[in-house]
Amino acid sequence: MNKEKLLEVKNLRVEFGNKNNKFVAVNDVNFNIYKGETFGLVGESGSGKTTIGRAIIRINPAAGGEIIYSGKKISGKIDSDTDRALTKKIQMIFQDPMASLNERAKVDYIVSEGLYNLKNYGTEENRKKIVEQALLDVGLLPEFASRFPHEFSGGQRQRIGIARALVMEPELIIADEPISALDVSIRAQVINLLSELQKQKGLTYLFIAHDLSVVRFISDRIAVIHKGKIVELAETEMLFDCPLHPYTRSLLSAIPTPNPRVERNKKIESYDPGSSHFDYDKNPPSWVEIVPGHFILGNEREVSEYRKQLD
Amino acid sequence: SGTTTEPAKEPAASEQPADITEGGKYAEEQVYKTVYAEEVTSINYLTTATNVDFALAANLVDTLVDYDMYGIIQPALAESWESSDDGLTWTFHLRKGVKWVDYEGNEVAETTANDFVSAAQYLLDPANESETANIFYSVIKNAEAYFNKEITDFAQVGVKAEDDYTLVYTLKEPIPYFESMLTYVCFFPAYGPFLDEMADMFGTSNSALLYNGSYLLSEFEPQMQRILKKNPTYWDAANIFITELNYKYNKEATALAGEMYKRGEISDVIIPPASLDEWMKDPVLKDQVRPSRLGTYTYFYAFNFKPTFDAEYEPENWKLAVNNSNFRKAVVAGFNRIASMKTEDPYNPEYRIINTITPPNFASENGVDFTQTGNLAAVTAREFFNEKEAVALRDKAKEELTASGATFPIKVLMPYNTNSTSWANEAQVVKQQLETLLGSDFIEITLLPHAPTGFLDGTRRAGNYAIMKCNWGPDYADPQTYTDPFRREGNYNFPEYTTEVTADGKNFFDAYEAIVNEAKTEYTDLTKRYELFANAEAMLIDNAFVIPYNVSGGDGYVASQVHPFETPYSAFGISSNRWKGQRLLAKPLNTEEFNAAQTEWQAARDAAIKDAAK
Amino acid sequence: MAQKSIEEILNGEVILSAEDVVIKFNLRGQELTAIRGASLDLHKGESLAIVGESGSGKSVFTKSFMGLLDANGRIESGKIMYKNQDMARYKTEDDWIKIRGKEIAMVFQDPMTSLNPLKTVGKQVQESIELHQGLKGEEARRLTIEILNDVGITDPERRYRQYPHEFSGGMRQRVVIAIAVACNPNILICDEPTTALDVTIQAQILQLLKNLQQKYDLTIIYITHDLGVVANVADRIAVMYAGDIVELGTAEEVFFDPKHPYTWALLSSLPQLGIKGEPLYSIKGTPPNLFKEIVGDAFAPRNPRALKIDFEQRPPYFEVSPTHKARTWLLDPRAPKVEPPLMIQKMREKWGALNE
Amino acid sequence: MGSKTIKKLADNIDPSMFEFAEYDESKSELTGYSNYSFWRSTLQVFMKNKTAVAFLIIVAVIVVFTLLQPYLPNQKSPTQIYIDPATGLQYRNVPPGEEFLFGSNSIGQDLWSRVWSGTRTSIFIGFAVGLFEAIVGITIGALWGYVRKLDAIITEIYNVWDNIPTTVVLIILTYIMKPSIPTIIFAMCMTGWLQMARFVRNLIIIIRDREYNLASRCLGTPTKRIITKNLLPYLVSVIMLRMALAIPAAIGNEVFLSYIGMGLPLDIPSLGNLINEGRALMMVPSSRYQLFFPAAVISLVTVSFYVIGNVFADSADPRNHV
Amino acid sequence: MKYYISRLFRSFVTLIIVVTVVFLLMRLMPVEGYFGSNYDKLDEAQKMAKLENLGLLDPWYIQLKDFYTDVLKGDFGQSITYRPKAQISDILGEKLMISLKFGLASLIVSLVLGLSLGILMARFKGKFWDKLGTGYVVGANAVPAVIYYLLIQVFFTQWFKLPLLFDKSNPKSWILPVMCLSLVNIAYYAMWIRRYMVDELNKDYVRLARAKGLRNKEIMVRHVMRNAFVPMAQYLPASILYTVAGSIYVESLFSIPGTGGLLVTAIQRQDNTLVQALSLLYSSIGIIGLMLGDILMASFDPRIKLSGEGGSR
């Protein structure tokens, strides 16, 4: 493969709590994100999606493993120059457009916050221009700069959030459920905007969501995470066409389809970790590339089963 | 020659009036009730030196001698006594059958001469922290050495029980005022075995005390109440008329007592200056209001000769000013004491103003009051406040001071204690009055409010003032006691630092000190002794080292069922706190009645003094 | 399966009927019209889904059936007929007490906060039973456990004594449903019952509701903006926009033959219909300000195919079929013939059209 | 159903209306939003509350008046003792009247000017203490709440400081320093900032991990700016409330200090010592005016700040802006 | 359990620091204060003797050591100026009891009346009761207590023929002090319970309860009240314990021999041992109160698990 690896996550582990009361939210997670792609991360609530995103952007410290960006290790202690550079290169879009904007600041400040931090905008006029452009880029009118967030609808707010990330001219954007808090009718606005920007600016996305239909629409590759572990990773269509891991299958079977005819007769595959796997005690699972580009978590016996299914 | 006192007549039972009200003059129910805000600190009379504590102890434990209502010494626990010719040895013959009882009235033992020895021993143990031990060891032989542990054998101390009923004191010096000291707490007896038993706990509660006085402390709950019940076994029980004294604690007594008095819940009330008008305006109430009797604490404004205050208040400049006699005299003449006194007593400000440091009715010799003795007689008669003179003196002072390089206005730092409203008020009046009269281009008075915590250490003792109101109370009934503040290293106004010289070129203070020293050692010729002290005091006042201000007016104005002139009188000691012989009036005295009673009392006292002098 | 067909239901009894309901709120001196003359007939035993974007009035409309409007809101005009009584006239708490729970129960959106955190789950369910089924003590407890079991809570005996925080989101939502069901109501209003849950749980809850509907013979109103959910559960669909029902029809009709431009837009923007690499269809703009009086069709400013009349006069309902009507001037015979947008056509190709 | 009748009604419409209207995409974005300024709206909401405005006017009048009063004609000095020229006596306890508007006190000082001078002093103390508490309390509280590393240490300091009896500190301070306005302000500040800091800290902990703060952290915003731009603006309403309440609290404190004898000296009139002085006269009906006036002013000031603070806090909450 | 032990331990450290600081602060006070009004008349020997006995001449660390040794033996020492030689424990014992009795009486009255008023205010938010209650709350806080306590004392005794001062043997004499003590607290409790109830009433579970068919009154009683009480529960044990601190104003006015103002007096009189004992007492109360408060709150609210990490509190 000649794609450039932008981000590598190796054996990532994230813990919460203190010594006595440890909770492992993410365990032994591996994946790469290639430049220019959209990498989808799906899984049920509480499975650790956000935690991974935050580990990458360094809100949550990694307890084990490493995160490598453009060949440079960015987990653990880093010097302040790298820190500044990374702040610029990796940005995040948050789930809740209501909660992620500072209600007491004007759009102008919100959008230029990153600029102030990097102090790389030159003159004040220049900064204004950058903000204006960013707003235009996300389809907002420049005059909105002087308003406060609560004057906007959810979709508009989310676009402000995107503009805020964009002015940093990042390479990688971690989009943590950027649309789940939005209304169906405006979700599309945001999705379109994201793909549009990706095309224009060559962005790379880590797209976190639990709405599989959206993820399917937007992602190039998808990783399925369950209880802090990635259980399957494959290119989107491959995953949807032949899901191997029982958890992935159950997830896919549950996606609601806006088609009453289909929907009424749908069958949900249930996933019970206890009965779906074979003797994990004796035979622990490992992360296996079952066919090129399709990874799965399973022990030898399972992997051979999956192989059979593929054939 | 030695003095001998005859045994006093036992007051016969028949002398007690059959009708206790004496035809409606006195109240039927002889129970005294009051509220108080200041709690006694300790009922251990051997250690405390607080006035409120004395007032209580005086009624619980009796002394060798006592004063009557005119201030004449009378036998009490000692039926008779005599002194040796050299005046150093005093022998007392004790009354027999006086009992120590506990707070419930149970007899414990008899009071004997040993109890005075035990008390002295207790007193002289530094571990007991007696605050009056110094009074004792300032006169009794070897007591100070014992206190300081220079000698360890108590037998060497000048107090001895020859037998159960004979007590002998040996003095350091033949001081003429020894009898008067006997009513002070440090000469109180205490039952020895009980002292030993209680040890540290002596006098910490009413059960940790024995009583041989007129009352028992039957209830003692600090910060709540105390009740004194008549001691039925008291040797002079016939002269105890008030059967119960009921003290109720209330921190807000000043605010509430008036109301309680009006509701008839208490027997007396001190009327705060602020509400005095209200009482005086009401005809019914006015008829119950009278001044209270004068005390022996005196107040005077002192000029400080050793200023240590901040440069901001120009201590060097003050030194120049204070050493200029015309400057000081200008202040004296310009000080309208009546005006400032009105803050405390608006109705009769002259009443308490005095021209001397030693108050009138404190000491007398040959029937002449000390304040009328020697040069002091002129001082007493003089009018201090004189505007014209003040202005003239000021102009003179200004001239002289300008010459010596002083700058004007002279800054005068005048501290006051912030916990005293009346002091604060007075200070404001004084400032305004003096500045107005002498001109604020001449003096500029800066009031220095100081918190009560560490007040004296922060102000007077540190020399951190220019002019300040100070006070002094006597330690024994002799004029000598009032020279104490002005001795060398006394921490009042440091007169030894003066640069002033007398007419014959001697340092002024040296001259003053010489007279005082001469007086102090004059033990036999009391007339001469008194005259010397009087001249010394007059010297200080005439040269404006101090400005006599007032004599403590007890509690200002009161409405009270208590007759002020029926109480034992003593210029010093605790006798005047005794309830002996007192009866509650059916109707309180008003001011006119008070004045009449006072005149009557004064005449009777003068006569009694003359009588006693014979 | 005893499931009734749509036809049966629609020919059956009308259990609740709202007519020209106008609901207004007073907000800091200003007046906000949340519902602008919406009408709806609810048939016994049906599942009706109300869809529409946030703020379109779905919740307010249904809350008015239970007298649960916030204190600053009121029914300005219109009728809400239930059992021959006009509930729009109800004023006192006493009136509503007869309806709430007993006749109509509601399941709220947020399972995390809808339960009293300080009471055991069992007690909260039991409260409904004691209130509406006249049972007490042990009997009520037994029924509670039965209902907990019914809503798919395993080990209900133990769960009875637990507190809400010991339950996962999905479990809590089941409890909330249990509370509603325990009232033994005729009508169950589910206000976004699954929005907060993830897909697998969502599917379970929906299945559960369907089962309960049969068991207890419930009429259910689903409020949601997830068309997938709608497709799963609804017999009929009401599409709301800006306080009005703009289209109403059977699920098939609305999905396969939508008539209102807003419905078109809604369906078009489904990502399932999108083609990877091409932009999704999206509705531009923002919903109208309800403080202002809305003239004409509320959707007009955002509708690329708006007619001039849309800005002038409010469209009436046009009947497409006896079970299907829509408020849009496009259905007026005088209006130009407008084909549904491309997306809708594509959808038909993909999933088939009505009557196929 | 009713669609037939509706059709009829709609019949008389100009057919030209059934043409496509022009569609402007940007216009649809604009719908319904107005210009908004936080402070203007706050002010507007505040102004709508009649009571609060009334109290605001009262406070403003009082403050302005206390400042102007000494410069008005015919004003007496608050510390001067007035002597009746006729009798040479002090004007003691003169009831309110022409000569003394609020009467005179027991040594002949003018209560009118004392009350205003006292109000000036007390309000000054209140403001100073309020301001200090706000500045120090907010700074420390913000650091305490936001910077996790500092949490443990500041918490311990707080625990210790909070448990040292305030009176010990106050009395020792007044012992070390002279009784004066700066002393009393200092003493109150020493003990007052603590509550404010803790209050701010608790608020900050509630909002510190909100998403918008995470967002700022992702943008590399330094702590200082996060505190000033992201956190404090949210607290402005509650902080204002606390500050508004700090003023009457400081005045009340001053009354208490005067009561236990640790207040300002008498020659600096303040509401505290005026009330304490007047208290003694409670039982003296004809002199009650000496208590009444300062008490009335203190109550008025307290109520005003209380109401203003509360209403302001409400109006500063954007949820209440429409 | 482990959590409590570690918390107790930390509290203990805090306590020691507090007491030590107070101890050292008290040594800053001027020597003059250890003597009575008679200070002027004492000679050096006497002064030294007294200071020596008080141990004040030792270096501070020796004094501190002695103090802690005694405290460990359970001996708080003797009062030095307040009531010389009296055992601190004797002084405090009675006073604490009496203040506790008054405090509890007033606490009960304030809780009952305050909570009722607060509930009434929340129930009729924005209506007459609410306005009346708010007026009361504002008034009670605005007028200085020093003033209206006096008014109450003077006029209520006149009108209702009640005794002016507290008298152990007269139960009627409890009425006014308890009333005075309660006035502000009623306002306080009313204000907070109203606020918490209003907060609670906006919660979703209330909406559900209403949808269930519960009447407003039932919702108040069965759901809201208890929940609103939780945040107050935290302060309750501390308030109960703190009642022993008494009220300086009320106790002074009514002659109640409690602890009100004792600390102030003790400091002003420089009774070091008493001050130290009191600060030890009050700090312990503060710390224990907080802990009990947490426990009480945890028992009310099953969600609160104290043993978790110290986290956000």
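Here the chain labels run A, B, C, D and E in written order, and each chain numbers its own residues starting at 1.
Just so it is clear, a contact is a pair of C-beta atoms (placed from the backbone, for glycine too) under 8 Å apart; a residue touches a chain by one contact, two chains touch by 3 or more.
Note that the structure is a prediction, hence the values are computed from the model and not measured.
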In how few steps can one go from subunit D to subunit E if every step must land on a touching chain?
1
Chains touching subunit B and subunit D alike, please list them.
E
Identify the chain pair with more contacting C-beta pairs: A-C or C-E.
A-C
What is the distance in Å between the mean C-alpha positions of subunit A and subunit B?
91
Just curious, how far off is subunit E from subunit C if you go by their C-alpha centres, in Å?
54
Between subunit C and subunit D, what is the separation of their C-alpha centroids in Å?
48
Roughly how many whole angstrom separate the Cα centroids of subunit B and subunit E?
42
Where in subunit C do residues touch at least two different other chains?
284, 286-287
Subunit B: which residues touch two or more other chains?
255-256, 259, 452-454
Scan subunit A for residues touching two or more other chains and write them down.
152, 156
Enumerate the contact residues on subunit E facing subunit C in the complex.
203-205, 207-216, 222-223, 226-227, 230, 300-303
Subunit D residues touching subunit A - in the complex, by the definition given at the top
26, 29-30, 33-36, 38, 210-212, 214-222, 225, 229-230, 233-234, 236, 318
Subunit D-touching residues of subunit C, taken from the complex the two chains share:
27-30, 284-289, 291-292, 300-313, 315-319, 325, 329, 332, 334-336
Contacts from subunit E onto subunit D in the complex sit at residues 14-15, 17-18, 21-22, 25-26, 28-30, 138-139, 141-144, 146-147, 150-151, 154, 248-249, 261, 263-264, 267-268, 275, 278-279, 282-283, 286-287, 312-313
If we count contacts the way the header does, which residues on subunit B are in touch with subunit E in the complex?
35, 41-42, 44, 47-51, 126-127, 129-135, 147-148, 200-201, 203-205, 221-224, 248-252, 255-256, 259-260, 263, 265, 452-458, 475, 491
